[in-house]
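Pasting a structure here, questions to come.
For reference, chains read A, B, C, D, E and F in written order, and residue numbers begin at 1 within each chain.
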Amino acid sequence: MATKKFMYVNRKAPYGTVYALESLEVVLIAAAFEQEVTLAFVDDGVYQIIKNQKPKAIGMKNFSSTYKALGDYDIKQLYVERESLVERGLSEEDLMDITYEDEDDDWAEKSSLTIISRAEMTELMAAQDVTFSF
Amino acid sequence: MKYTLMVNEGPYQHQSADTAYQFAKAALAKGHEIFRVFFYHDGVNNGSRLSVPPKDDRLVQKQWSELAQQHGIDMVICIAAAQRRGLMDANEAKRQGLDADNIAPGFRISGLGQLIEGSIESDRTIVFGD
Amino acid sequence: MSMLHIVNKSPFERNALESCLGHASEGDAVLLIEDAVIGAVAGSKAATALMSALPTKAVYVLSEDLAARGIESSRLVQGLQVVDYSGFVDLTVQHDKTQSWL
Amino acid sequence: MATKKFMYVNRKAPYGTVYALESLEVVLIAAAFEQEVTLAFVDDGVYQIIKNQKPKAIGMKNFSSTYKALGDYDIKQLYVERESLVERGLSEEDLMDITYEDEDDDWAEKSSLTIISRAEMTELMAAQDVTFSF
Amino acid sequence: MKYTLMVNEGPYQHQSADTAYQFAKAALAKGHEIFRVFFYHDGVNNGSRLSVPPKDDRLVQKQWSELAQQHGIDMVICIAAAQRRGLMDANEAKRQGLDADNIAPGFRISGLGQLIEGSIESDRTIVFGD
Amino acid sequence: MSMLHIVNKSPFERNALESCLGHASEGDAVLLIEDAVIGAVAGSKAATALMSALPTKAVYVLSEDLAARGIESSRLVQGLQVVDYSGFVDLTVQHDKTQSWL
């Protein structure tokens, strides 16, 4: 099968709707298909990877640790839009540490998160073959 | 106080059903009465007994059934909304010539008049939706 | 006689909070729940609208929904009041009617 | 039973979601309960009562004529927010004629639609006992 | 062209399912191929056979069944999303110890891999949602 | 290589169109369907954003959704192109990928 560039665009906050959780479930399956996988966190989607999520009191499962496990699935291209953070009063420090081990660099632990501008996000979106929106 | 709650979205897709459930529990804990929970729009899907989510997640539909049974809450699914979306009790399924039903224990199917009546009878009506 | 307005949508995604604040009367209360709580963060694009509302309306934020989304109460716009589900119930008692901005 | 003031607030466009149609179904049932019924059309809700709706090509039922029948159910208080019209490039002329027959005035046909300002809508909302939002 | 369509919302509540259906019909009329329709999130509720809307309205679920049968379209319901929402075929119902199923003809239940595979195999992937 | 962006939400209710226009590249196309078509009416609050996009992006509106909502094509912002479902399909052929702004 041909290799395509898949992008998963996450624009919604977690817990208010199921899209964040079920988007992640698609990503985990997609990892098995040896396609190029990129995750974009734009607009309210930046809240999906915020630190210290504690949804127990609203009766929901905390799935935020799954983002930290994405490196084990060889998914390490997570792009976060800077403007989306700023508009929400957030900064890079508010995001979880999401890392992968670089096999080409003696398994050094490196960040999977890259903060980019809206202009850079625009270019990244244009470079995809298949875009799933959640 | 006597409450009627209206739930307009289905389980999981939106938080509305969870919020309504948490609100109901909190109100009951303070000694208030939940006179009726009325499920409308996709909210009717809260009344399905065929749901089996992952074991580490809540079962929204069953939470409602248990709450109703523990506190004797009247939980009404709108018949018109339910027909569109395929939520049936045994009677309705038979009347429509269908070969199965899927309603969960503690729910009953009735008309929109139950919503209006609930709001007239109750001190407060709270709407939970998208 | 006053209204409790309930807003559950992110003010960055939807017009529910804006419409609510445009239609709430003096002395009414506004409660932010579910995804709406992310609008309560100081420095956000929604903060200004909330601050303009504060002189004439009380604004509450649901603590359980803040915790789910990792937001400490120290991050909120000054003057907002944090309540839990029990406080949510109390608000529906104190105000004799409610309006949900879906 | 006590008489309460019921308001049905319609803030969404028709056809994109079912809320407009199913809101109307509640209103028709409510008419039988002898309560005070008021409909508010605010934000995108003003499109629910726009002229010349033709949803056949999207496979949907045209339910707009039901609004015209509301007078027969003794529902004649339909309030439309002027600012909502203006923001959408619409005016009163774009709305359907929705009328009732006034039994106190020799069954004269009168408009059920009243265009009001946002400030007046605010007062009207504050005067209700039960508010259903769609 | 070969298409995979993804449908993320249930029937009636949102127009998405209608739009996807109209798009599929238009694409087929122009000689294109619909390789697969994948139903995710509340979209799984498009596959219920228990729906009975008013007689003057379309039956969204049945439109899909008929389209699939006329054109041999592969219509896949995501198993994980279906379990949360109570959409079951006979096998799944049995496996879960449930006493009924509600899947409509022409649909099959399978995993998320079918979505990715469909997108790899197809020239275009179009997402319909809320 | 160009993208067809599909927007189905009212720009008065949601941020989907705004976010789409902020992320679409030169030469891309934007198609308004479902409730998004009400943003195409001239003189509306959304018209300015669409007009700013027109020099670098083609903007299409789905005729079936316009008709459903009672909007004549004479009411639309100048420069928008009306297509039917058959034209929608053609757009997905002409552009080698699509992105839906949900």
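Going forward, a contact is a pair of C-beta atoms (placed from the backbone, for glycine too) under 8 Å apart; a residue touches a chain by one contact, two chains touch by 3 or more.
Note that this is a predicted model, so its numbers are computed, not measured.
Chains that count as touching both chain E and chain F, per the definition above, are A, D. Shared contact partners of chain A and chain E comprise B, F. Comparing the contact residues of chain B and chain E by number shows a mostly shared set, over half of all numbers used being common to the two copies.
Relative to chain A, the most remote chain by averaged C-alpha coordinates is D. With centres computed as the average of Cα coordinates, no chain lies farther from chain B than F. With centres taken as mean Cα positions, chain C sits 28 Å from chain A.
Note on chain placement: the centre of chain B and the centre of chain E lie 25 Å apart, centres being C-alpha means.
Distance between chain D and chain E, defined via averaged C-alpha coordinates, is recorded as 34 Å. In chain A, the residues touching two or more other chains are 11, 15-19, 43, 58, 60, 130-131, 133. Those residues of chain E in touch with two or more other chains are numbered 12-13, 15, 19, 22, 41, 57, 80, 84, 125, 127, 129. Taken residue by residue, chain C touches two or more other chains at 8, 12-13, 15, 34-35, 64, 97-98, 100, 102, whereas all remaining positions touch fewer. Taken together, the chains touch in the following pairs: A-B, A-C, A-E, A-F, B-C, B-D, B-E, C-D, C-F, D-E, D-F, E-F. By the touch criterion stated above, chain E contacts chain A in their complex at residues 6, 40-41, 80-81, 84, 111-113, 115-117, 119-121, 125, 127, 129.
Listed in rising order, the residues of chain A touching chain C in the complex are 11-17, 43-44, 47, 50-55, 57-58, 60, 87-90, 94.
Residues 10-13, 41-42, 45, 48-54, 57, 61, 80, 83-88, 93, 96, 98, 100-102 of chain E are the ones touching chain B in the complex. Contact residues of chain F toward chain A in the complex are 1, 3, 15, 19, 22-25, 28, 97-102. Residues 1, 3, 8, 15-16, 19, 22-23, 25-27, 29-30, 32, 124-130 of chain E are the ones that touch chain F when the two sit in their complex.
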